[in-house]
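Both complexes below contain chain A, partnered by chain B and then by chain C.
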Partner chain A sequence: MFVSVRDLKVHFPAEEGLIRAVDGLTFSVESGKTLAIVGESGSGKTAASLAMLGLHGPRAQVSGEISIGGEQIVGASQTTLRQLRGERMAMIFQDPLTAMHPYHRIGEQIIEAYRAHHRVSSKAASQRALDLLDRVGMADPRRTFESYPHQLSGGMRQRVMIAMALSCDPQLLIADEPTTALDVTVQAQILDLLKDLQREFGSAIILITHDLGVVAEMADDVAVMYAGRAVETGSVRDVFYRPSHPYTWGLLESVPRLDLHRERLTAIPGSPPALAALPRGCAFRPRCAFAAQVADGRCASDIPNAHDVGENHAIRCHLSEAARSEARALHAASTETKP
Partner chain B sequence: MLRFILRRTLFGLLTLWLITLAVFVLFYMATPGDPALMFAGEFATADQIAMVRARLGLDQPVHIQYLRYMWALLHFDFGMSFVNQEEVLTTILRRMPATISLALGSVGIWLLVAIPAGIFSARRSGQASDRLITMMALAGMSFPTFVVGTLLFYVFFFLLTNAGFPVFPSGGFVPITRDPGEWLRHMLLPWATLAVVGTGTYTRIARGSMLETLNQDYVRTARAKGLGERRVMYKHALPPAMTPVMTLVGLDLGGLLGGTIITERIWGLNGVGSLAVQAVETGDLPVIMGTVLIAALFVVLANLLVDVLQALRDPRVRLG
Partner chain C sequence: MTTLSASAAPALLTVDNLSKHFPLGKSLFGPERSVRAVDGVGFSIGRGETLSLVGESGCGKSTTGRIVARLLTASSGSIVFEGDDITSLDGAALRALRRDIQMVFQDPYSSLNPRQTVGDIIEAPFSIQGIEPPGGRRKAVLDLMARVGLNPEHVYRYPREFSGGQRQRIGIARALALNPKLIICDEPVSALDVSVQAQVINLLQDLQRDLGLSYLFIAHDLSVVRHISQRVAVMYLGRIVEIGDAETLYASPSHPYTQALMTSAPVPDPDRAAARQRVALKGELPSPMNPPSGCTFHTRCPFAADRCRSEAPVLRVTEGGTAAACHFAEVRPVIA
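Right after this comes the complex of A and B.
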């Protein structure tokens, strides 16, 4: 496994208590593959991805294990992290306008990323920047090179961000909601670009998103996050066609689909728990329609462990196999009603 | 860029014009008492007063008075002092060196102290050193200038001189052109007087602004690129963080160049501030008007300068 994350925890001490942004996250990604981390806002997706670059400040308490190409990230020195960032793993952020420096030209910003890890002349670095801009599909690389971020369109900015992230051929690319701020047509272009580049460079991609459409388009594997934990992990096929966690059911039912006739979308009742005051036991229990079917109130007392429900398909849920099949049959019936 | 400067300059001129208009209304149309009487003196006869009124043009209709006033202003002619019959401009120009020395020196000192202190504090936000700096800044801000000045006077002039170390003079001004060493010796305590409050205020602003900038996405991007901490701080975070500081410097420097009243008084600096006070005390209308207009001119100029500097730094302002 190129990327392996074991029992990752990211906690922030705060006045209202310890905020458990990530609380025991485990997943892995192979080179050339894409893992999508899906979840609502506040489920810990971004906190987890920042931890992978070691970008959390001193106030965050990060524990667990993150290994990227054999390199341990948690507990690594700032010097080590700085050498790895950009070089081995790079990140694409949600809003490319705010993620780029408003005072610096695009060219400068790419060159800076490249020269952070390569001792080359400024001429060679400029050439590299121009090549990258060309590679990410800028029509006029030289002009983009001379531009400032605010002079570009949203899609162009995200291409530039990608060029910047790719400047040192990272083996892991973390894309945090890379298309959320973009128009739908531009979204598709950016996703295609990412796929092309992945094919070309063979890097692993971790795609953070709340958009299940993007997941279906891009990912090989999915981790569904809820309140800082992965409640279901598996291949896109398994998770989309044989979802096994009640939260995943809810998530899939809240997506509009053209192939199904539904009177209205089913929202998951309630809202995500406050991360500083997680309920005892399963964090999803207060919103779960199936908790009553679990004996001894275990949902309210024990945090469910991850267990396999298929090959490479695991969930964190106390629901028995039988109860789950029954519920899934119901779920399947509700989603397969053809118009 | 040129268009930006042009627009800002026009805006500055408009501001200045509005101020001159306000001054005209205040001094020509709403003055309590008769300016001609003040000018002619207590013992003047009715004829003499009428003569003075005619000479000052006060017997003319308002619009003629206004046109004459604007015409004179455009030639930097603020008229003659009622008190000593000297050109107001000459008086003000004679007072400028002290005021300029005080303003530039104190602003320079407080920026040199406050910006590093603010950055240091922001980078250690929440830690003991940050709390200490924040507390000291608040204390500095809370001291009124006259308390700081009096305290400095007592400690560094009175106590030090009594102890046999006459390092600092009690006050007065020596032009830098006459003796740079003496100029510095005379300016240090006045600078410190203003710098205490200024340093406090600017440390807080620099700290707040730096904290905000450090939380910006582009600073995170800089770190994600694998840049060193120093480069992240000084190339990525610091320049945008200085924007509010610069804006405030524009206002404060403009204000200080218009004259400071308390500090000039304490240290016996005969600057524009003390000139304004004297003029108010003696009812010397042309001098009051002159100092008000000069102060306004400096505020507008300093702001214009800051705007242009800001545009040079930030392409969104320059090209936006």
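Right after this comes the complex of A and C.
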């Protein structure tokens, strides 16, 4: 496995108590594959991705194991991290405007990233920047090279971000909501671009998103996060066609569908919990329709451990096998509607 | 206006040939320039009906909503509400109109005054209009809170003490206070988490059923629009390019832009996503300051021909059953 994360924890001490942004996250990604981490606000998906890059400040307590191509990230020195960022792994952010320097031309910014890792002449670096801008589909690379970020549209800025991220041929690309700020037709172009680049370079992609449609479109594997933990992990087909955690059922049932007629949406009651005041036991219990079916009130006392429900398909849930299949049949019936 | 732009139900609102031009100021020697944010839009909404305006950023959907809510005044065209022309009402007549037409905004963070309690926010419409509801204002506020699923005990709390979904409920309660007939919802669920979004959509549908409300629903999310609308208008660069009954429009869209939107929107089903043929658009949205000649969509359209560059198409009824503004309107499959 190119990327391997074991029992990752990211905690922040705060006045209201310890904030457990990520609390025991385990996953792995192969080269050339895409893992989607899907979750709502506060589920810990962004905190996890920043930990992968070693970008948390000194206040954060990061523990567990993150191995990227054999390099350990947790506890690595700033020098090592600086070298690994860019060459080994790179990040694409949701909002390219805040991720770029407003006063510097696009070309200079790509060159700066490239020359931080490569001892090359400025002419060679400029050529590299132009090639990259061409590769990410800019119609006029020379003009983009001379532009300032504010002169580009949102879609063009996201292409430039991708060009910057690719400048040192990273083997892992972490994309945090890369298309959330874009219109759908532009989103489709950017997702296609990421797929093409992955095919060409064989890089691993970790895609952080809240959009189940983007997950279905892009992912090989999926981790569904809730309140800092992965409540369900599996292949994209397992998660969409054989979902096994009540939260995953809830998510899939609550989205309106372009391709299906739904009479009424099945909403999940309540809202995601505050991380500083997580409920005891399973964090999803207050919103879960099935907690009453679990004996001895275990959902309110014990945090469920991850256990397999199929090959490479695991959930964190106390619900018994029998109760789960019954509930899943119900779920299947409610989502099966005419196109 | 084609017959399909009109609602089958008796119309509550009829918008005809509506335009809004924002002046950009004079260049030194040239003529005065302007952006045509809305350019000849027409539709009607029946009682108890939802019409959605859908399109990408800059298509003019929000501006259209704000003109209908009379937060902006049209440059030309007309808005007829319950038989009265409200296009340029002002003063007391405009204030009276606000009882009938209300608005719910996208951002439940910036559209609520952080220094007012929830009770004061929801009560504001009564004090502005000088209305004393039966049982008093405070009782009306508590009833409204219960109606939208908020705990009436929280009437003295401030907006910051609520989650995004609850704040959107506060905005909805405020819009409902004066028993309006039409509510303009501008992206009311796009800032919310998926699980909470469904709650707010269900609430809007329940309120419509119970109170006979009409909605002008403005959104970019095609899935949400399919779910909530009876009729849908697709906008591009200030114009309606296709309009029709929601089920018909989603089953057999005829305008290439509608088809591009529908084949670009991600579908939460891996097999369907993989099987879908995308109608891919070239390039980016042109500047509305300098829109393309002829059909404004021709610069990005995969089916554009010479005629499209010179002649602007008008809305006409298609074989698919919608009305589309395209010289080559044709039903093309969008969902695998």
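One rule holds for everything that comes next: the second predicted complex is superposed on the first by the 335 of 339 C-alpha atoms of A that agree within 3 Å, B and C clash if a C-alpha of one lies under 4 Å from a C-alpha of the other, contacts with A are read in each partner's own complex, and residues count from 1 in each chain.
Please note the rule applied: contacts are C-beta pairs under 8 Å (C-beta built on N, C-alpha and C of every residue); 3 or more make two chains touch, one makes a residue touch a chain.
All figures in this text were calculated on a predicted structure; none of them were measured in a lab.
Room for both chain B and chain C is found when the two structures are superposed via chain A, with no clash between them. Counted by residues of chain A touched, the larger count belongs to C, out of chain B and chain C. Working from the superposition on chain A, the chain A vertex angle toward chain B and chain C, CA centres, sits at 70° in steps of 10. Of the two partner chains placed around the shared chain by superposition, chain C is the only one that A:Ser254 touches, whereas chain B remains out of contact.
With both structures placed on the common chain, the touch criterion links A:Ala188 to chain C but leaves chain B unconnected.
By the touch criterion defined above, A:Gln78 lies against chain B but remains apart from chain C after alignment on the C-alpha atoms of chain A.
In the superposed model, A:Leu55 lies in contact with chain B only, and not with chain C.
Legend: residue contacts after superposition of the two complexes on their common chain; A:Ala322 is shown touching neither chain B nor chain C. No C-alpha atom of chain B lies closer than 12 Å to one of chain C in the superposed arrangement.
Touching chain C in their complex are the following residues of chain A: 40-41, 139, 153, 155-156, 183-189, 191, 210-217, 236-237, 240-241, 250-252, 254-259, 261-262, 264-269, 271-272, 287, 339. Chain C meets chain A in the complex at residues 56-57, 163-166, 193-199, 201-202, 205, 220-224, 226-228, 247, 250, 260-270, 272-273, 278, 280-281, 283-285, 335. Residues 126, 216-218, 220-229, 236, 239-240, 313-316, 319-320 of chain B touch chain A in their complex. On chain A, the positions that touch chain B within their shared complex are 50, 53, 55, 59, 78, 82-87, 90-91, 93, 95, 98-103, 112-113, 116-117, 148, 150-151, 164.
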